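So that you can tell them apart, the chains are marked A, B and C in the order they are listed, and the count of residues begins at 1 in each.
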Amino acid sequence: MERLTHIITSEQFNRNWLEEEFFPLVEQMEKKVSLGGSNDLIGKRMISFFYEPSTRTRASFEIAMDFMGGKVVFSTENAKQFSSVAKGETIEDTSRILSGFRPDVIVLRTDEEGMAKIAADFSSVPIINAGDGIGQHPTQALLDIYTIQKELGAIDGLTIAICGDLARGRTAKSLALLITKFKNMKVYFVAPDVMQIDETIKDYLRSHDVIVETSNDIREMASLADVIYQTRIQKERGTLVARYEAGKGFYKIDASVIGLMKEKAIVMHPLPRVEEITPEVDKDPRAAYFRQAENGLYVRMALLKMILG
Amino acid sequence: MERLTHIITSEQFNRNWLEEEFFPLVEQMEKKVSLGGSNDLIGKRMISFFYEPSTRTRASFEIAMDFMGGKVVFSTENAKQFSSVAKGETIEDTSRILSGFRPDVIVLRTDEEGMAKIAADFSSVPIINAGDGIGQHPTQALLDIYTIQKELGAIDGLTIAICGDLARGRTAKSLALLITKFKNMKVYFVAPDVMQIDETIKDYLRSHDVIVETSNDIREMASLADVIYQTRIQKERGTLVARYEAGKGFYKIDASVIGLMKEKAIVMHPLPRVEEITPEVDKDPRAAYFRQAENGLYVRMALLKMILG
Amino acid sequence: MERLTHIITSEQFNRNWLEEEFFPLVEQMEKKVSLGGSNDLIGKRMISFFYEPSTRTRASFEIAMDFMGGKVVFSTENAKQFSSVAKGETIEDTSRILSGFRPDVIVLRTDEEGMAKIAADFSSVPIINAGDGIGQHPTQALLDIYTIQKELGAIDGLTIAICGDLARGRTAKSLALLITKFKNMKVYFVAPDVMQIDETIKDYLRSHDVIVETSNDIREMASLADVIYQTRIQKERGTLVARYEAGKGFYKIDASVIGLMKEKAIVMHPLPRVEEITPEVDKDPRAAYFRQAENGLYVRMALLKMILG
């Protein structure tokens, strides 16, 4: 198995790695959890360093470590506000100092695009990018692509509708970049104009033979999509909400949208969701988002094993 | 031993369980701590999820887990402000997702009455209510009743004066409800009118043959009480303080109040205390509140063992 | 080996202890980390209780515990804002209650001078002062003096320039007090007048035969110093910054200052640094501050072993 060093972007993974190494290892991890865990990472130490809070991501990384016998030796959930970061320390210094405390891996959530890469350049141990501002969130993208594979059995040829605040949400971007690893893909970006995904992303997809279309009404392609990937309107990330609410179009997943979908299609969401998916959808077997969240545990276990095992 | 699932309210426990199972197990736990702990919960995982901070409760649960060989695999102390909760996630979703990360138990402090019950309905693992807003705090009530039993040797027939902000403090309510499990009990509620305990609580107590009286001067019944249970004026819970301070009556426990008390009576307090008990009281052997706090460790160990053992 | 109880001040350590016990043990700890850690503190429990955040100090203590097989059973990083402290609890009560939860040691960062001493008086287990407001930070001083010993081979006869906000920075004070344990020492305090170190510290040093001088230009003694100990202008500690910025003098360590220094001299900093040392200095072998930070891990391991081993 190829040893991973840093995990910084979605693009760093190729299809062969995904299918030959990653997907099978994630499946193994799920089985290991069912058996109570493993001792694969005994003696390994993680620092979990979050500039801004993220229940789901931090919890799944820290619990993943425990399920393999490793330890979280230091954890902070709001370093931007509280720690030396608040005192003006640079990411270069933070990375040098944290790695100087001799952990085996540092899981890092930052608030500015590109910081994970800089941290990796100055760290003496592997860095995992757990989200860098409006940059990327590669482990989320990996759990997303794993969920699609697991739910639908294959990825080539799928039509994926990605909805929500695509201008600022790193989740959508990271997933879109990973989709380029597969064949005959079609992606619909569904968002108000002010929240549409960056042109450079669309160009990148097209240059990798992905068919790209945009829309501002989820009902238009609900019947065509194999995956509807809904994302949250990120109130804490800016003032686009008002414009979103005023924006023409239709973005909410409710029973009427589900009614239009294929029987074997699925609805995903990186969570937390607020009102973008109504609770009535939860009971439909196509609602895959809670299974997706649980996959986050197995995916992070697999990644940690690839880095530390 | 009957297996516990969720711990949500004080009322869910009956006298037989308290006396035959709970009290003896707590005593065992104290002995185990003196011997350095146990391995009873090896391989068990706790998520400690607090919407709002609580040093004492969170510390005693997390340390309890360690004294039995279990692990706290994820802990957050201010989820209301920091986590997905701040982004608007519902307790239903939070509960589903956290339990999807496969812990064996979730200790949950929330900020609204009834949330612990909802969390239990949506969780695939046991939930322990570590306080739900102005709702209940059942594990506090259990450590309170255990302290009374341990300090005074029996509970039937006691006179208990409960003082402070009874309108909003969940501690007083949870203890009062637990008192109904015993015989010939008398409860004085000592508070300014604006902070008196809810009529429905008084009615519930009376319907269970508890004699209930109210007062606004702790000195009136200091000589009659076997237990004076003082509580904190919760400044962070509202603006009642000004009215309290303006309120006629006497609520502070000082040397003069201690001087009125029976020789074998005790003073309790869920802590933290601010000015409701003056420091001069600390040295009196009747000051039971620090012993009470320590009992919190043994009580949480017993509860975790009943759920996970 | 003499058993340590509380660690409260720099003055409590004598030269013999430093040279015969402490320095050799720290060296051993560094070797143990290289070998993956030890089991010296198996079964030992630490409470890590910080009134205010400190990434470096908290991380190094918690990771130190893990490298020796001990456990951090409870950790809080902002108790001043979040915990019972915020509700008005006194340090006396906090100390009594935390020690009642039966840890083997409590690492305590507080925000007022003298609180660590009070905590020790009311605790039934050892307290380690991890900084008490503008008071002291003795474990920082110990890692500083260890770093000087390790980098320069000996301490007697050195000239040490201590720069920055000396009026409020506890680091400078704690180090200065430790310097009195050695012979033929010379200390320059380099700061604007409004930030100069307290006269009582200077008097204390002089009464212990340390030669003391002050300056407001680091360039004046850069060529004379064996150690330049730079400290941060603590923006969060008050409004002195404006005056500092307006103050005449020169305090920044940049390439021009390095150019003046002896070949074997070193630059230290307790970190985090903001602009007091320019990044160009980092690559110079005399820049010892990242090695100094790493020493914090080994020093805290040694101290924990002396208290708990």
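In this section, contacts are C-beta pairs under 8 Å (C-beta built on N, C-alpha and C of every residue); 3 or more make two chains touch, one makes a residue touch a chain.
Model, not experiment: these values are computed from the prediction.
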Turning angle required so that subunit A lies on subunit B, C-alpha fit (0 to 180°, nearest 5): 120
Same vs different contact residues, subunit A with subunit C, by half of numbers used: different
Averaged-CA centre spacing for the pair subunit C and subunit A, given as whole angstrom: 40
Where subunit C touches two or more other chains at once, by residue number: 75
Residues of subunit B defined as touching subunit C within the complex: 33, 36-37, 53-56, 58-60, 62-63, 66-67, 75, 77-78, 232, 234-236, 271-274, 279, 290, 293-294, 297
Contact set on subunit B toward subunit A in their complex: 43, 45, 47, 71, 73-74, 76, 79, 82-89, 92-94, 96-98, 100-103
